[in-house]
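All remarks here apply to the structure that follows.
Note that the chains are named A, B and C in the order they appear, and that numbering of residues resets to 1 at the start of each chain.
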């Protein structure tokens, strides 16, 4: 491979601006941009988001537009199987199961979301303070949390419902009494991690105030696991509500959540299975969708990709 | 001289979500029996990939050996199956990893981690394996070897753990030992001890060693020959003396001149090599290092340079050695150290078709 | 190690104390009097009953009495089932629930781990995707819905199993499966993700470099390290099975402690509610303690402190 005559000219030194070379080669993406991109790649999770939106839309609009009310009795048409007139059939008082399912959706979803949000609120405050203050305050606060955590969650709720009655607000309250502990632990963990990170130290050295550090630095970074936990708390709340209904501690009739509907459908399982089937399916679908979304978020946020 | 390892035109690609990474782009070198070869380069140069490729430890869904041969003790292992490799690993070739804190199984006793290797390769009884393991622990300098045998990794310090790793690596008397930055994670004083240990063991067990590092000081201590890697290729290879006293590649110059020296003049700046290694999903055309080199030639951006031979043992992959290229002077620091070594050719000789 | 156990026992006693106190005061706040749902009683008889059960005493005295009783393992009489004490009900129902619970636990742990290991070792294969999809479904279907489904398909339609009640081993299968499904799925996922992490660890690379086969690496090196989170999960798992049993026993008509408990809730039989709650709490706390001890035995980093070496 001797060089041809024409190539001789190529053997000249080239002047290069080597400082240019210091520029980073690849375009850098922001943390959240990257995370959302990864989430969007997860087809199952995206489908579940869509599914959830459909469920919420149905829950909002179906009861408005339906010709039946959730408590309209029709004693001539009890326990009818699904038909053109009653898409999901009727129950033992002739009420339209379709409309009741979507009213139930409103209630179950509301319980789930509100309980999760209250957990979030208490958890963030408790965990945030404990983590940031550290020392004695942290010890005491987490001790209390530990002891409360030792009490079996469902037992507490059961006791609560027995004592305070079976209303919507007592149920939500019961769930949040010990439900916040998990969120508090996560938040505290995040805060502790952040506290020791160098950028917080840097910000403090530059004179940033407590609030500024908390809101501009700590919270955005902690958002990830908090969001995941929040998403995964909702199905847990929906489960608990259904569970309570099956124990006879659900909401009072004619109010119907998916749980109470399923519970009422249980004794009729052999002959009128649709009465259990429809609410039960939606409980599972909602929990499934939220679990998948929560998983998807967790995978998208965690930089260590498994695949 | 008999060759224990010969690597010819090795190409390795990684298939990732963001593209295919050309991690090794035609690696050529060999190792003679009883030699210590140092493999030097920045992170991302391909040193670890080469090491793992030699043992076929690269995870094969993303990684793929797309070309080349790895001839270990006379046999090409590239076409070998996993089952066949399992007989070779630990036995013919073994490896010491970088981080002693995480390289040992935390829930298994240290002695057992040595035993299992001995028992895998030879039909010996538990007692015999235990005896040999304790002997090995002793040989690598662990006091109270017999009682240490029963302990868990977390009860050892970093330096001790690395000694255990070495014991494991030599337990089956391999012919080739690959050490992947074994001292990088250790304190300087411990580093020296580990290096001493390795030198002793090498003499005693007659193993050949490939020593991967980015620390040239370690190289000077340990190596017979040195291979310099950049962007997935070997750009210069020669004896230790040749590399230190008569380096010819601009990257090697860069590496040597970025070592702070106690006898440098005050006011002399430290030379850092500007820029960063190239993105290997789009491997650069021509000479990969040209973009960071003050000695770049026009042709460097168009054609990949061939290998030039400077002595029996010294090879350089750079257009600068072509008769047509201008004479360049290496940085001051390199010049100050330069010596003309016996055996150097008058003029560099173009090597047809690689080594 | 011993110090650790003692400290934990103290913590358990404290928690128990809090639980008993909370249940006691909750029951006092609860609306209604234990006798209100029955026919209206003439006041003298009511007064007699109150005196007999100590209900006319001031609350702090009742509280103290209750604490003493609990400490001596006497949970008091049932207000609804005349002649039966809470202890009787517990002794009657607990063995049944225990049997069911253990069966469910074994199914969940054994198959969960198996599935998880398989999925991890064959990552991204169809085995992995299908078993993990099933697992997500598994954790999304509440145990009682699973129970109803199993009952409908296998007992009512296919008639392979009895629909309800208790008697032979056949009677235990559907309820145990219903109880085990969710934990099984959870354990499978947990095992899989832990094992994937473990397999990425450096010491697995070391094991590979020694030339061991995949089977040896997974079962001798990776498995033990992967089981640690699963062992930790056994505590919450027990809680899960206990509470799951409430509904499962009701659906399948099984005469276990859970069913008695549910009945007592419906009946507002306060002593039973309090007693069984306390009993369950004790079981749970002991289970968690046991799990912690086992974990400490298996993880050598806890068993042998680092200070003993260097």
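Rule of thumb we're sticking to: a contact is a pair of C-beta atoms (placed from the backbone, for glycine too) under 8 Å apart; a residue touches a chain by one contact, two chains touch by 3 or more.
Values in this document were obtained by computation on a predicted structure and should not be read as measured data.
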Most widely separated chain from subunit B, with each centre as the mean of CA atoms: C
Per-chain CA centroid nearest to the all-protein CA mean: A
Top chain pair, ranked by how many C-beta pairs fall in contact: A-C
Mean-CA-position distance for subunit C and subunit B (Å): 55
Rounded Å distance, subunit A centre to subunit B centre (Cα mean): 49
Distance from the mean Cα position of subunit C to that of subunit A, given in whole angstrom: 25
Shared interface positions of subunit B, touching two or more other chains: none
Sites on subunit C at which at least two other chains make contact: 124
Subunit A, residues touching no fewer than two other chains: none
For the subunit B and subunit A complex, residues of the former touching the latter: 274-276, 278-279, 290-302, 306, 319, 322, 324-326, 328, 350, 352
Residue ranges of subunit C touching subunit A (in the complex, touch as defined): 11-12, 14-15, 18-19, 22-23, 26-27, 29-31, 123-124, 136-137, 139-142, 144-145, 148-149, 151-152, 156, 193, 196, 239, 242-243, 246-247, 250-251, 262, 265-266, 268, 273, 277, 280-281, 284-285, 288
Parts of subunit A lying in touch with subunit B, wherever the complex brings them together: 1-3, 7-14, 16, 18-19, 21-22, 24-26
Interfacial residue positions of subunit B with respect to subunit C in the complex: 55, 57, 61, 82-83, 85-91, 94-95, 97, 99, 102-108, 116-117, 120, 151-152, 154-157, 160, 165, 168
Complex interface listing, subunit A residues touching subunit C: 146-147, 150-156, 158-160, 162-163, 165, 235, 239, 242-243, 246-249, 262, 266, 269-270, 273, 276, 280, 283-285, 287-288, 291-292, 295, 306-307
